[in-house]
């Protein structure tokens, strides 16, 4: 099999840094489809529907390196999904895919792809949390202007801003983390009745899920797409938080603000004074792709009868892109704040003389921004405590 | 105060049946904003920041009937949100809104509106679950065609189809139900530092949340919009499930299929043969509004600095519409299947002679669709058991 | 008829300034539906399908003030759209609505509402163009930093920035202006065949369109929704341009930039140093609502058979909101730059010392930003010339 | 250069049939970026900014086969876009890219990619129009049920349904066709002032546009994204029309309706009775991707200052996907109806006995559906006449 990329090589590196990109490529999908078939064969052997020998032969063949992605893709065009050509190839070796339908393979593969892509995504969120926590800790007392509607309002510290980022990242990590063990296998047969297994179907389902380390659903979910929608919700949250962080970095990095600067990159060749927040910009771009594709996934909830005529097919690319783009957004945001240069003097200098107007109007005796920080330290502590849990 | 509607009266009844519509109107928002001020005054009295007498005077004034919505709306246009004019009016009566910012009021009100709108929404979901459960129970053995890609595939029963709807509704109810106790109060002051309270802020926050029966956040969330995004995720799921049910009803009600018919409505005056699935159609329309407005809410995650310049303002209408439209979708779907006439004979008659082709190809001995139902009953039992939990 | 608002009074003034808001309210829709019936009656009289007396009686009754919107809305809930109850009321007076279907009324009313809402919307665009042109003219030579990726890059003038806004507004005006005379009437009868008119149908269609000053379509467009999609495209462009202008104002108004300030509004009571760009913020919020609702309109293109089961119903609210929100975005953006205070000294002072780095790297002999403005004046002239066409 | 795909090979064939897919791949983008540099070099030579020899050397090197896409993509990740590494490579050969900025290259390339992708897309629309026209002609008198809200309403003919499809496709073709000559080149330099050309800039712009056969814009449009939005509008319309056609095919192909069937494909291996409308299903899936990505493009209108920090970067992938997915939707819809098997007997037999209820209620003397077809033939003629224009 020649190497294959699942998306643009020209733009890919710009858009989709982070481990989730690789985990959602063509090869990852192909292997997940093969893992479905191997797992099914093993369960069939356990249930004595096929022999151990047959199961072993099928499982041994379920290696992505043995297949040509382009060939399978071309054959897929004939029947509408790539599960079919894979089954056809495996059936030359043994009784593969018995009792299953192509949607069983595609849905299970989608969950495997999602679960595997969540590993690097959660790592990237962990990285982002670590970077935010470090900033929150280091800059607990770094006074800066609190800005509402992009106007200076009252003082805050950079530590609290970073603690806010941290809270958001922890929220996202909690949401996606809670999904990892909830993602279900799919096995329903042609119309979700498992009819071809006779009475054995209900017992097979949990065994099969166990083989693939996925949750066993009570009922097939061919057209009850809750698992897809829950992934979409977690991704949209994660991408949005990455967008929040990146947006703040871009604003703080403005020439006229100059309070932060990304690590050594983003220099312009002809304009060396420019220090583009290149990673934050990538995060913003990725957030938009992630959000748009999550919307496609939510749209697919309205699925017709026992298999949707189009919305299901739209999910594959949308899920892949949503995972990769969320991963790209989170990884780029994490990179952006991981090596962030913080100009604490500029932060302090930028604080407007009038920033204590509220404090004085309310009768507080304050002579410097440091005198009007209220609960900043307590809030930072709470965020760090949650991080350290 | 003269009566006021929060949205179209001409289309409202068509689009937004269900209790969530009322719970999200102008009056509901106004009362929620006033509840914020009353709760804040009570906490201020508990903390001896104001006197009991002052608190009582403010709280007594916090009744929506004492305000003219149109007048507040007009004043709101000057400063950008309706919290300001309310504070101005209350301050004539006492030291209202001390230490708070308009976003504290708006965000807390948004959570109160959401929490109150979730009550009828959960009831509508409960109604939909009940209707689906009844159909699943009654039609456990009502054989019909299982349809994939809108083609007859293998036999199923109408009970299993309804059990699928039930699972989806239970998923939605679980998702929204889990939110009810998670919705946080907001109190951060101008830039989320609670500075004007000095050291007292962190202690005030949980007391204040308690007053309003909302969750106390660890840190103000002015620009970490996880609570908004979580509501959006739950609403998108719920609306989508309603869309799934409604879509199935519309397809089953087609003249050429004729397997179900909504209760006595939807008749055409000149074409009495037509039995439009009017409630299901409303559900489909509402699902689109719900989904579009949830997308606006996800977009607002990327909020600038300590208060977003526009995305926050976009949330108010989007949240209101998302709640109302989801409520409309769920209520209409529940209505649609609550009085559903099921033509069991037609269902059986519609089953194509070739529907046992798979069974025969696989070597099963089957002579009627009834012989090839696999795990249908088990799956129905599981769905009903979950409903009865 | 008691007064009725078509949307929130609490938020309405914040969100939807501009004439398009009023033009899309319940009353506007109701009158448009009645105009359909009156126009149809007049054409029927011309074609001798009904008498002049009958036509006059119907037309005389077609006055929105004679109807109770809430009552019609309630009746609409029974049959799925508000055209039905209106017809029922008119039929007590004469042979109204002959040969037409409710979608004929709703679609024609939608086009009338759109056409009428375009009048104030185009005026608001005209206002925005005028304000931008004035700024382009006045600030032709006002040097400021050109900013790419929010970093200072090379010098420009505020005149060129305003000229860019002007070009965008002129693009939007051209796009929406081209639609005004393209919006079609709808008359197709139950399934677009005009069957009840026998052979007379095709001849009636242009006469009818003429009565309502709409374009006569070649073929009914009940489920070929090009007119809706074209409106959506024009609105999305217009709202987006308003969002571009508003975003620039918000960035320029930042405390640390301080180059512009909106007219006398947006002051914070406790923080008098704050000068919130309140109008620009409203424009940003409206742009998001406009865009989301345009997406709903594009989605409705995929309409089933001869009348869509849900997507059509979703259009009414989406079209109304898209028109009103686009109007709100444009009007707010126009207001924002109409009274814009421009701090030309600050603009010049903000220009970074390094902004000529590119020029020097390329070997240009430049000693001040003014020496490196290239084609700025020519581009401003071109934009103003297009405005003056 | 090793071959490279711009998107999934596994799903690509399923999702993106049609010529637009290839025209939007990595190689197409790379060549477009190189065409920008070659065109710029030629214009520079005409303006004597560089020598003919230099221009020839640069132009000769502007061949995508000379570059390694993955290498450029990797380098792009460092600076944020792929134009930079290309310029770097070319500058080893001569004075490439003088006076231009990377956005000039990317935007011009985007327009070249769009223009080139429109060629096969317009061909696919032409094919769809031809197929629809043929059906309209052949089935002018093929009576079938007109269906509203998926209920049989009054008779129509399959010819009129196909004529409706034809009208929609002609609308889409007109919209996209009008864009071909409107797509502008981009040349503005770092901040849209063309400063490095001194006085020569304005004269260079039309010469440059001419070289690339693009429209010369009056003013650089780095952050006035009308051209992008106009493409998005045309694509959303085209994809939506494809979705309309595909949706009708899927509904007509239902087992219980059985009025049409796609050509020899879509057969299920185990359920030979199933005839999946596989092409129509692909069209539906592609429409969703197209629409979602068009929404990203509309969102990018709100671009910051002189170059957007993220939304611009989001455009590349979104434009590519919107073009490819629209192409996929149109090609699949065209394929679907090109070899459509129409069961005219079944159409006639499916007509419900009650379908003349309206006619009789209105007093028409009708004894068969054929007697109540009104203007069907006239409308078909009009659609065909427009096609033949």
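Letters A, B, C and D name the chains as they come in the text, with residue numbers starting at 1 for each one.
Criterion: a residue touches a chain if its C-beta (ideal position, glycine included) is under 8 Å from a C-beta of that chain, and two chains touch if they have at least 3 such contacts.
What you are looking at is a predicted structure, and each value in this text was computed from that prediction instead of being measured.
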Selected interface, A-C versus A-D, where C-beta contact pairs are more numerous: A-D
Longest centre-to-centre distance from chain D, chain (CA-based): B
Euclidean distance of C-alpha centroids - chain C vs chain D, Å: 25
Gap in Å, rounded to a whole number, between the CA centres of chain C and chain A: 36
Where chain A and chain D are represented by their mean Cα positions, the distance between them in whole Å: 29
Where chain A touches two or more other chains at once, by residue number: 147-150, 153-154, 190, 246, 250-251, 270-271, 276-277, 281, 284, 287, 295, 299, 309, 358, 362
Partner chain B, residues of chain D touching it in the complex: 145, 147-154, 250-251, 253-257, 268, 270-277, 281, 350, 352, 354-355, 357-358, 361-362
Chain A-facing residues of chain B, complex: 101, 103, 146-150, 153-156, 160-161, 163-165, 167-168, 171-172, 175, 189-199, 201-202, 218-226, 229-230, 232-234, 236-237, 239-241, 243-244, 246-248, 251, 284, 287, 291, 294-295, 298-299, 301-309, 358-359, 362, 364, 372-376, 378-379, 382-383, 386
In the complex, chain C residues that touch chain B: 4-15, 17, 26, 29-30, 69-70, 72-74, 76-82, 84, 190, 246, 250, 265-266, 269-271, 276-278, 280-289, 292-293, 295-296, 299-300, 309-311, 313-314, 316-318, 320
